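Letters A, B, C and D name the chains as they come in the text, with residue numbers starting at 1 for each one.
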Amino acid sequence: MTEKQLHAVIIGASGYTGAELVRILYGHPNVVIKALVANSNAGQPIKSIYPHFSDIDLPDLIKLEEVDFAGVDVAFCCLPHATSQEVIANLPSQVKVIDLSADFRLRNPDDYKEWYGKDHAALEQQHEAVYGLSEIYRDQIKEKRIVACPGCYPTSMLLPLIPLLRNKIISSDNIIVDSKSGITGAGRSPKTANLFTEMNDNVKAYGIGGHRHIAEVEQELSLVAGQKVTATFTPQVVPMNRGILSNIYIQMAEGKTIDDIKNTLRDFYQDEEFVVVHTDGYAPTTKDVCGSNRAMMGIFADRVADRAIIVSVIDNLVKGASGQAVQNMNISFDLPENTGLAKISMFP
Amino acid sequence: MTEKQLHAVIIGASGYTGAELVRILYGHPNVVIKALVANSNAGQPIKSIYPHFSDIDLPDLIKLEEVDFAGVDVAFCCLPHATSQEVIANLPSQVKVIDLSADFRLRNPDDYKEWYGKDHAALEQQHEAVYGLSEIYRDQIKEKRIVACPGCYPTSMLLPLIPLLRNKIISSDNIIVDSKSGITGAGRSPKTANLFTEMNDNVKAYGIGGHRHIAEVEQELSLVAGQKVTATFTPQVVPMNRGILSNIYIQMAEGKTIDDIKNTLRDFYQDEEFVVVHTDGYAPTTKDVCGSNRAMMGIFADRVADRAIIVSVIDNLVKGASGQAVQNMNISFDLPENTGLAKISMFP
Amino acid sequence: MTEKQLHAVIIGASGYTGAELVRILYGHPNVVIKALVANSNAGQPIKSIYPHFSDIDLPDLIKLEEVDFAGVDVAFCCLPHATSQEVIANLPSQVKVIDLSADFRLRNPDDYKEWYGKDHAALEQQHEAVYGLSEIYRDQIKEKRIVACPGCYPTSMLLPLIPLLRNKIISSDNIIVDSKSGITGAGRSPKTANLFTEMNDNVKAYGIGGHRHIAEVEQELSLVAGQKVTATFTPQVVPMNRGILSNIYIQMAEGKTIDDIKNTLRDFYQDEEFVVVHTDGYAPTTKDVCGSNRAMMGIFADRVADRAIIVSVIDNLVKGASGQAVQNMNISFDLPENTGLAKISMFP
Amino acid sequence: MTEKQLHAVIIGASGYTGAELVRILYGHPNVVIKALVANSNAGQPIKSIYPHFSDIDLPDLIKLEEVDFAGVDVAFCCLPHATSQEVIANLPSQVKVIDLSADFRLRNPDDYKEWYGKDHAALEQQHEAVYGLSEIYRDQIKEKRIVACPGCYPTSMLLPLIPLLRNKIISSDNIIVDSKSGITGAGRSPKTANLFTEMNDNVKAYGIGGHRHIAEVEQELSLVAGQKVTATFTPQVVPMNRGILSNIYIQMAEGKTIDDIKNTLRDFYQDEEFVVVHTDGYAPTTKDVCGSNRAMMGIFADRVADRAIIVSVIDNLVKGASGQAVQNMNISFDLPENTGLAKISMFP
């Protein structure tokens, strides 16, 4: 496979997901990083904002209009929502687009307006997009021009919930998800609330009752359930850099048991190398997947009858963002899906 | 009040709750620390195991049998369950006992056996005990000889839930609590799982579907609900020292609204100086109460109809253990309830 | 003593040292907090920027010009350097001023200009000022109108070095100090470099070879040595909130031994309740003094002949800032020096 | 190169350096992990003690006597000192040994006895050993049968000091090193001092004036200086998992300048891909090298005349242990030196 060379551009290279893409793609045997776009730092070497890239052979940061897209195979877009759709609408049509923003995740433009507060500005491109949850939409990811990578929280929830709802193992009512995230999820903009001194030794819930990520989760759950699903979701930040742990509280469908849940998930993911299903009472921790593209889940019966709890973990920057983005690139270009992606976490 | 002098003994002074009691009681104007019991370190000054007590005038650690209980007014017992009941059964009857273990929390000996795996060995003393949730059982705490201080997780759950269930604002079904704790809750015994390197940058769920603390929670909820209540509870450790944040997912009773929840809790706690009810959309964080004896809660409507979320925080070592213990001592001896207890957290 | 009531104003209440002063003074039996000044947040309750002050009876934040200084006994000034001198120059002359900035620490205006880059703008007030290292300048602190509290790093260095140099136990050459600080020292302004995600699991040296704090250290060391002293100093931030640990590498004076160092420091501080000298091989840690106004030091012979190492720790926000400020207020107003100040750290 | 397949055995796979070797070697294209030895956990899959290895194809843990050394090319030895020499003395002579303990680092058996408290028990093998600082002893690493990988702290010190001393840029007197380490350096044994709750938000100095690692440093410095060198060294643990930052305080040789230091180090390391020399005023942080096999150093003039400060960082588990071990394996077997080793750190 090493003969295939993809030319890649990273748009939005100054944020954490951009930097993580640089790290992963630099080690990818089939990728040449052709341009790094970061408008506000254009003209500087990337090491000026990320010194860990010192003495690494990488192109300097440039403005988007400076990119020569001739020969570019794939563009990763790590921009804020709203900005992302504008940029993508103007990319050359031969370029495969892997978008890490929320802009192309919601199929219904009304949903986009409701949750993101403005009209969608790239409806045409929306039709070329697929929701990029790799294990679920593999075929369409390959075919569609734009891959809208899922949010970090949604990835941790949907991987266990979709197979269970699709197979009618659980009820679509009463789904409650309580998630804890590392603080990289808040990005690199300087805000008082995200200072070390504010978050060290602290836990903070936010977006209670209405975080935007629930929109794409409800969209996907409704699709597989065949009816409108509304779910409860509480995100929290805890004092760590990477990782999401979601506790998913579910109600079994009538006549279903905890073993049905275990068997369904084990069977569904048995050939997936980036999903590990623990059915033996082990509850995975975020460090089990730190730096890895794997998702892990553990399954537990509740003491309340007919209820179960799934503990689902990912690294928000890898499987929850840049890793899944590269996985989607691999799928798109017929590379082995694991190329350039770590399975073993960096523990401790 | 400063004329009243209570002679106190701390049994089990080598653990974190014992050390926290030493800190609080040393600054309490009405308390003389008469003896510090720590069998395995007996004969040493307490600074040998806790150097932050260097140059503080405190008695050396001794064995329990070395304590002269003449003139002792109150004994704090910070021992593991099972050990605690044996020790308390043999304390002189004139000594008020503030127990921080689980041994006298469960009213029904069968429950004790079910959850702690052995017969209760001090049934007689059990009748002299009260569940020491200060704001709920104030009168009995004063009268009974033994105060069984609640567990840390239960304190964070029961303070919001008891008034709501008692006033039939919420349903007793479908109560789900997802709690995150600092690692001091795991105690000071050296275990690989609690090493810095294992828990740093990590989140870990444990006791899923059946943690012991749910037993006392269900006991207390069943009492106020007038029927058997079974609840879902998932504890987790996050990389911080102190603090518990519990997200409590509840179903409103028919015809009740989010305002009923807010009003009920605000009214119930309006004269309590150690409970703060936020009804304006603020979600308290664990650092808001670090080092403080206060509990704080924030109340939120869920996007799922008729459901609500309460975010409840305490410092597990203070309101969740040693602080509430001292509050109960103050109640017992007619001291102003806040004597020696901090309201303002040590932030940042 | 509780009959004496001091009326205090905190100017610059929105930063960390301001908030720490609020916490300490709220619990001080002889202080009434009369005004909290924070120009950019004026008009808001302090809980709007520090929710841990919710339900605490405190005045709202106001602008400096709104303060009625009639009846005010003491003003704490927690402003950035340069701003501080302007404000202090205009305070009523009957008000005792405790300044936490660098503006009045340097006796020589040329030094101020060299290190802070501009002319000193309050030379008249400079003559009324004393360097507020409590244990060293107690008498002058009482007499002078303005107390210039030392920097956090300098406090940790000067407490051990002054007695040793004064008694000619060590050489004034070859003094090297390597300090590690909690990140509260960087203040509450939002900067990318101080985000949780940047400093978590990280150590960073800064100001290498020329941090401003060395100016006041060299000033004080030169005074006691009777000759110009130049010292090496490297500050670092480590992932914790509070605390400074300074390793001080020193050369013994001819004929002096490690025991001379131990005896000198032990004798010098034996009656000081806020300084603990460990001479038995214990190296104090920052947590030994977290939240406490105590300084601790441990003394060690080096394997290199005639050299020694002193490990010196303080809480940068307490003994290194707001606690020493209150200690200086107590000295100034003839209160017992420990009033309102904690000796026991909040461990763990 | 991918055709060459080395069969490797890891002896002592249950500790952190063992686990890190598993992670690195699993991703190494020329290595087959043939056996994982961990006597106390023999019979278990490695995922039972390291769940992040779940669903990774690795051999189960076995006892040393169960290893079939036929066809084994290289053995990595991650055992405690003293144990290591016994095991290595009995390994088949055709096996290249990469030892991560201290047992073969000291050339003089008297030094070993002085610092490690017992006679060296494998003097014969000592003659086959080389001190495995890759960039300095590359040729001998290839030739000798046993490679004694340097300690983590020494690696961070010797990389800058050896070229400077060898070229007589600095004096061999007055070398002072103040190092801060992540807590993985303390290993995985459960000890109270290493609990999360004890080290979180804390800094602790230890081994002051006589840590064992100074023995190998003085050995190597004396060799290049041509005379006995004695140096000051203070190690500290700070609340992070990985990383060492050493501040090295040095005295320039007569007539030498800061530019001589910069030029010497830049020239010496210009072709080394695992050493980055910053001469532009940047002070590298530990996160710049987290998970990477690179060492980075920054060079600074001191304000004290003729003195300089070097800030040197590594990841203690990678360049300070398992990464350098693999680098040495690559050297030994004529593989490209960077095979299987990351240059880019996992930031943030």
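The criterion applied here is as follows: a contact is a pair of C-beta atoms (placed from the backbone, for glycine too) under 8 Å apart; a residue touches a chain by one contact, two chains touch by 3 or more.
Here the structure is a predicted model, which is why all the values come from computation and not from measurement.
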Any chain that touches subunit D and subunit C: A, B
Winner on C-beta contact pairs when A-B is weighed against A-D: A-B
Geometric centre distance via CA averages, subunit D-subunit B, whole Å: 46
Gap in Å, rounded to a whole number, between the CA centres of subunit B and subunit A: 39
Gap in Å, rounded to a whole number, between the CA centres of subunit D and subunit A: 36
Junction residues of subunit B, two or more chains touched: 16, 182, 184, 197-198, 200-201, 239-242, 285, 287, 348
Chain-level touch network, classified as line, ring, star, complete or other: complete
Subunit C contact footprint on subunit A (complex, rising order): 16, 182-184, 186, 188-192, 194-201, 239-241
Touching residues (chain side subunit D, partner subunit A) in the complex: 16, 19, 22-23, 26-27, 50-56, 184, 200-201, 241-242, 273, 276, 278, 282, 284-285, 287-289, 291-292, 296, 342-348
In the complex, subunit A residues that touch subunit B: 174, 176, 178, 180, 182, 197-198, 200-206, 208-210, 214, 230-232, 234, 236, 238-243, 245, 247, 249, 283, 285-287, 290, 298, 300-305, 307, 309, 311, 348
